[in-house]
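What follows is chain A paired twice: with chain B in the first complex and chain C in the second.
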Partner chain A sequence: MKLRSCLFLAAISVALFHTGRVESSRRPRYGGTVRVEVGAVLHSLDPAGAPADPDEASAKNEIDALLYDQRNPDGTFAGVAGSGAFHIAEWESGKHVTLAANENYRGGRAFVDSIDIEMGRAAKDRLLDLEVGKADFAEIPPEEARHAAERGVRVSTSLPEELVALVFVAGHSIAEDAHAREALARSIDRAAIVNFILQKEGEPAGGLLPQWSNGTAFLFSTAADAVGAKDLWSQISGSPRIVLGYDSGDSLGQAIAERVAVNARDAGIVLSAEPIASPEPSPPRYDARLVRLRITSSRPREALVSFQSGLPAIAGLDASPLPAAASSEQIYERERAVVSGYRVVPLVWLPRVYGLGARVRDWKAPVAGEGWPFVDVWLEQESQ
Partner chain B sequence: MYSLAQEIAVALGSLHSFSLDVKDVSASAPVELAGVRQTLEDDITLRGDRSVAAPADVQVQVTISQTAAGFVLVAEIHRGDAQQVALVSVANTEELPPQPSPEPGIQRKIIWQQATPILDFAQVPADSRRTLWYFLEPDRLVVYEFDDGAQVLREAQPISRRYTSRDLRGHLVVADAMNVSAFTGGVRCDASWNPSFSVECRENAGQQWPMGTVSWTSNPSRNYFSGSVTFSNDLQAKFPPFFSSASPSPETTGLSSSRRIVAGLDGQTQLFVGAAEPASAFNGWGSDIVPIESGCGSEWQVLATGAGDWTQKDQIQLYEIRDRKTIAVGQPMDLPGPILALWPVGDGKSARVISRSIESGLYEASIVSISCGN
Partner chain C sequence: MTFRSKLFWVFTIALLLSVGVIAAGVTVVARRAFDDLNRQHSEALVAQFEGEFQRRGQDVVHRVQGIADAEGTVRMAIDLGRPKADVSMYVNDARGVSQSHQLDFLDFVATDGAIISSNEWPARFGYKMDWLTQPQDWSSVGSFLMKVDTQDGPALGLMAVSTVRVGDRDLFIVGGERLGKDFLNSLVLPTGMRALLYLDLDPSFQPTNLVDASGTVVDGERLASFIEQERQEPREQTFKVSWTADPASAEAFHALPLQGRQKELLGVLLVGSSQQEVVKLEQHIRDLALAVVAMGLCFGLLLSWWGAARVTRPVRKLAEGAREVSEGNWGARVDVRGRHEIGQLATAFNRMTTQLTEQREQLVQAERVAAWRELARRLAHELKNPLFPLQTTVENLQRAKDQSPEQFEEVFKESTGILLSEIEHLKKIVGRFSDFAKMPQPELGPVNVNDVVRGVMKLFDAQFGAVGRPPISPELHLEENLPVIQADAALLHRAIENLVLNAMDAMPAGGVLMLSTTHQDGSVDLEISDTGGGLAPEECERLFTPYYTTKQHGTGLGLAIVQSVVSDHGGRISVESETGVGTSFHIRLPAKPPLRSAPAHSKDVSAPAVDEHSEAKQPEAPPSKGA
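Up next is the complex of A and B:
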């Protein structure tokens, strides 16, 4: 314990020594390079190619948002790379990319001169670099937010914008049993997932959209009902068993799946949580899997449409597109229709968590659909 | 509200009695729940010859919920085991019309609030009854005429900027009630009433912005001044690039106007006393400073904004400069958001402040003055 304390103090000392004294100001200052670290490894910024890996796709999307001035209605970027606030100054495939401020950007030149993005940095390395002042910005896994703050890292949290849900696989006999689906959905203690696994950095989810989006999340129950679950499960004949799959590289998914298994066992449900190998076997050996879906728009209708397109087709569900001017009530009804059959079981909403260096100023956590706001961020000057 | 009452009334159909409860899960709805409940009860009752009763045929739970775009009124209508939901969205007002605001205190008088950014403003008496208020926005100059406090005219003319900046600055210089000049984005725009309101913009050669008896050279694609200060006799003094600057009034302080404080780009504020090198430097001030003749004491005084950034609330502090040192005088005045502009008023006794409320997002134009206290 003493050794750990000493190491912690040493880390703080290194951070103070490295960053120096930050001068005060108020009005944005021009200049400097933002040092960004990401976990993804990108081998191309070709606008035609979207990486299959969600982390890589997310990182590419963030970079594209800085390079392009406009988007198409479907969210893809329009125009020429470099028409946005930044252009590519250096590119080293799979290692790093440097973006330089576009002097003629129509919205006004960004305050920082450049953004240096280092790829392939593991979460623990990103956190350490934030602590010692080697990085100005890095995303932090939500479950690490509290730990990061305790270690002195500036933490900025977005509104909840990623849904973790359990999706049953159509055609599997247990997945086709409505009692089994409802029993599992009722058995899950979402509050425990938020409190213990996410360290309170998230919200229990009963519907697809978070409260800030359509304002109706409170209408969906998130309470656990082990007694009801047990009763429903007991009505299933034979020796039913559910296999719940999660992505083998997703440690948070694994923790949540294992927690679901604990809740299921408490309700008498036989469930095993198993990693999904890559490449994925066909047909799938799991009856349900954990999915993570990110909201792509702050508008509820667009968010729900993108969720629906990311989920497997649900038999009997109205798959017609929501009207462009869908009312809150229509959105709620569609959302209720999706979750009421328990083929999709929302579990929790996650925010995006950002770690910031001491010299980063005017940072506002982006809302869903917005990119990293580096065009308005500026850096305090450090005294020499 | 009436739309929701209508939806509830339709859902109730031919049922004669209902009970109603209202709750607020947004925690920020600008309404009284008791008032909402009464209004809804009255309206639903009137719409179908119904009565509020306990026990009732139907229980109605109305919830005020919030989204990123505004509020949602949600009615859950319970009849036995059946439940029906009705929703009505209430969008946020995107742009509130500007409204004169009541005076909040003796040191800061809020003149105006609006959703559109304000770069500068000027209030000019046209005659004993009428007042003209000019507001410089990023893309236009707006003027309101008030007669005994009532708005009688509003005019707006576009401004064609040559440059833009993500921290665009602008400055109004009033010649008289009918002639005002605006300086922003590399242009000088002269506005006049002849007889109608017109604005003519041209490139601001030399990028000079008049600041009382001197002028500063602006960097039109940035948010700062180059450091050149030009006097009325065309002599120039060079300072480091600055966000703002202040010099004492020789008449009231007896000090030479060669003394100057500049708020530099590095966050340091420096005092120059007729030499190229600073006589002293001080930290902890914000980027904007103005000279002020408070009438409280005979020392050179300035108002300065606070340190931090634009995601934080701000403050204004009065300082005296004595023997190359600064002394904070009195308590700072807190503002509900960052100060975006701080310019001196012509009389030297007050300052124009543009700030943005973090809570409401509205831009506020206000006048700050000093009361000496007794």
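Up next is the complex of A and C:
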């Protein structure tokens, strides 16, 4: 067995151990409706149309995973809608969708009869509904996981699968200064971001892939070096200033950007965090921006390729394809090549955090590239 | 400048000066009063600010202490007091607590000074507030001003610190209120006053740091120099600033430095007092003064008019009377009553003119007597000459009656011839006197003086070169473009003829007779000069007096006739003579003679008088007879 496979299985095991809320003490039962709340608002489930908004795309992907039986290597779904474990029973655009269990699903009928998905619910409302039992399942922001657990919500955390990175905009004078890029990258205290902002739900990121993916993340340094950053910054002539943009609706991105600004200020770097207006001005006013990239595959090569294609063109990275049978070393080298230029500065890895209602049983946090595992979930009766 | 004008200006200047002094005085007093009022307002506002500052400071202290005493904070302190305490779980607490306690700034700080949670800068967790770790009894410090680092930049805060001690560890609670426009909004300001706050947060003056109740002050740069003074030497001071060219935009400021715990300057409170009311009052005073001046000018004009009229009317009458006297009206009288100096002067003037009139009548009477005497003398002289041969002839006839008839016949024939000759002579003499008395009125018509001159000279052409007569060379200098005048050609001819005859008589040994014509301002000038022996000054003075002659057999009427003709044409005649050089007569005839009722001589032919249109110019050399 290759090193990569061993690392992957170890990571899966650790994740399962951490999430260890496997309800195996009871016998599964059929029936019931899982009440799911999502923040995204979907207006179409057409397989040909992929929403531009990442949250909407993610939600649609989760629903499609329930509707389709087959999936292509690139992550798209094959077959017809309804060939999966569920089919669409009700659809109200932008508000809710009800999925009914497919009696003829080749993998066996799901335990629950249906899944009622309500769209457009804010994070704090989702958390509140989980608390009061109005919802059975909802994704919650990682930084709220600890708070949710303290409030009695059952929390399921996935392996880290979303990268928050800082990407310099190619062509901007300060972004083209290697010293400036490295100074900023060194000034950032990633551990503080994970511990305080993410409330320890996440990992400092030095490379593009998480440790469980290629097993080489530990080779990338995540330590802050304010003194080195200050030295580097002092070598820059003039009075440069960096504008760091973040998506205006992304509160986590804002918190991270503001922390980056504090770290940068400590190193003498003049950096201001500013929300990116929608639509984005062209050319962009910011010199760097925060991006959030989600792994679409548990396989490191595909994950890295998707990152490379997913990273904004603004970074100006080498987009040459990786060999189909790229080894871990080759993946690491490519990863190193991307990171060493400091055009992309990985900051933290985020897990997906799910809040579960009290009656949800046999929930297993999905790995990257997999959808919500509602096929195996069953609901305990209220009376019990 | 007339006396009235002088009086007007004196009155006006006096009025302007007095109004100006009064207006300036009122302005100064009003300005002082406003300055005092503004100073009192400023002091009251500063006192209000200080009171509000203390009140808010106490409030901040209480609220921070309330947070420190809260159960959650104590629990946090206990939790943080444990070994390997996880501070990350409190990273967001400051925000909620600050909101519930209405504090702009709130930081939970660990015993080592590291920020656990910050409301004003949430991302600043982990960084240290070293100033907190210095030994200090924060409970006795109370509130204080402090420069607070926030996410949006530095701010000025009214802060307080409280501590929760667990074991040997402290949890610092640093809270406060932002000192800015909201604070200024809470101040109650009198009308026309405002409070500005400069937040001394940057190394140099920044206009954006100067705020008032509505936000950043517009044109705050104008206060830069005063703020810099405060930065150099913090102290209370007052100054004025003009925001625009309009004086009403001026604003007086009272500056109060705001200092922190270490007496460092953190801000400057500026209490501004608009000068608009002062300027309005000054403007009002100025307008009022101008109105008073305008009214004063009108009043002064009227008063000076009346006063000057009252004072100058008798003076003017006196001047008018004097002018009339100078013009010959010696009987002029001035109607001024009163016992003042002008009245006395008028009385004296009237007495003088009365005496002048009486003396003039006496003089005229004397001259008339003298003229009659002269006439009588001339007549006696003229008549005596023919009478003596007449008497002698008659006596010869009487003696011849005793002689033989032949002798008698011879004597008779001779005597009758003499008698007839002398009688004819007497008739001529009487005729000349008669002619002078019968000078006709000129019959005006267009006349070219050059033509008249040429006509006269033509009569004398034969005599100028005649054998046995003195050789006289006539010279004519006649201007060709002479204007045509309204005149009587015959009378002019006669006058010029008389002058030519006079000139020929004045040159018994011959000489040059020159006649010239020119014109000026529509008048025609005629000059007749000879190169005779000239005249004495006294002769020149009496030259135009009738019956006065310097010749042995002249009647003395020729030049009188000339003068009469010239006068009847509205002209002037003058004579210049120099002994040994010659004599020149200058005649100026107007283009059109003025209308006259009758010539002077026709009024009183028998009363010889000096004509006003004749004059004699005396040469400097002693005169000699010859004319």
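We adopt the following convention: the second predicted complex is superposed on the first by the 351 of 384 C-alpha atoms of A that agree within 3 Å, B and C clash if a C-alpha of one lies under 4 Å from a C-alpha of the other, contacts with A are read in each partner's own complex, and residues count from 1 in each chain.
Quick note on the criterion: a residue touches a chain if its C-beta (ideal position, glycine included) is under 8 Å from a C-beta of that chain, and two chains touch if they have at least 3 such contacts.
Please read all numbers here as calculations on a predicted model, not as lab measurements.
Superposition of the two structures on chain A shows chain C fitting alongside chain B with no clash.
In the superposition on chain A, A:28 makes contact with chain B only, while chain C stays out of contact range.
By the touch criterion stated above, A:111 is placed in contact with chain B alone, chain C being left untouched.
In the superposition on chain A, contact of A:192 is made with chain C only, not with chain B.
By the touch criterion stated above, A:221 is placed in contact with neither chain B nor chain C. In the superposition on chain A, A:380 makes contact with chain B only, not with chain C. By the touch criterion stated above, A:298 is placed in contact with chain B alone, chain C being left untouched. Of the two partner chains placed by superposition, only chain B is touched by A:213; chain C is not.
In the superposition on chain A, contact of A:340 is made with neither chain B nor chain C. When the shared chain is aligned, chain B comes close enough to touch A:328, but chain C does not. For chain A, the partner touching the most residues, choosing from chain B and chain C, is B.
Overlay on chain A (Cα): least separation between chain B and chain C is 23 Å. On the chain A side of its complex with chain B, the touching residues are 23-30, 106-111, 159, 211-216, 218-219, 298-300, 327-329, 332, 361-364, 367, 375-376, 378, 380-381. By the touch criterion given at the top, residues 88-89, 91, 121-127, 151 of chain C touch chain A in their complex.
Contacts from chain B toward chain A in the complex involve residues 25-26, 63, 65-69, 71-72, 74, 76, 85-89, 164-168, 221-224, 243, 265-268, 283-288, 305-311, 314, 338-339.
Within the complex, the chain A residues that touch chain C are 146, 189, 192, 195-197, 199-200, 255, 258-259, 261-262, 266.
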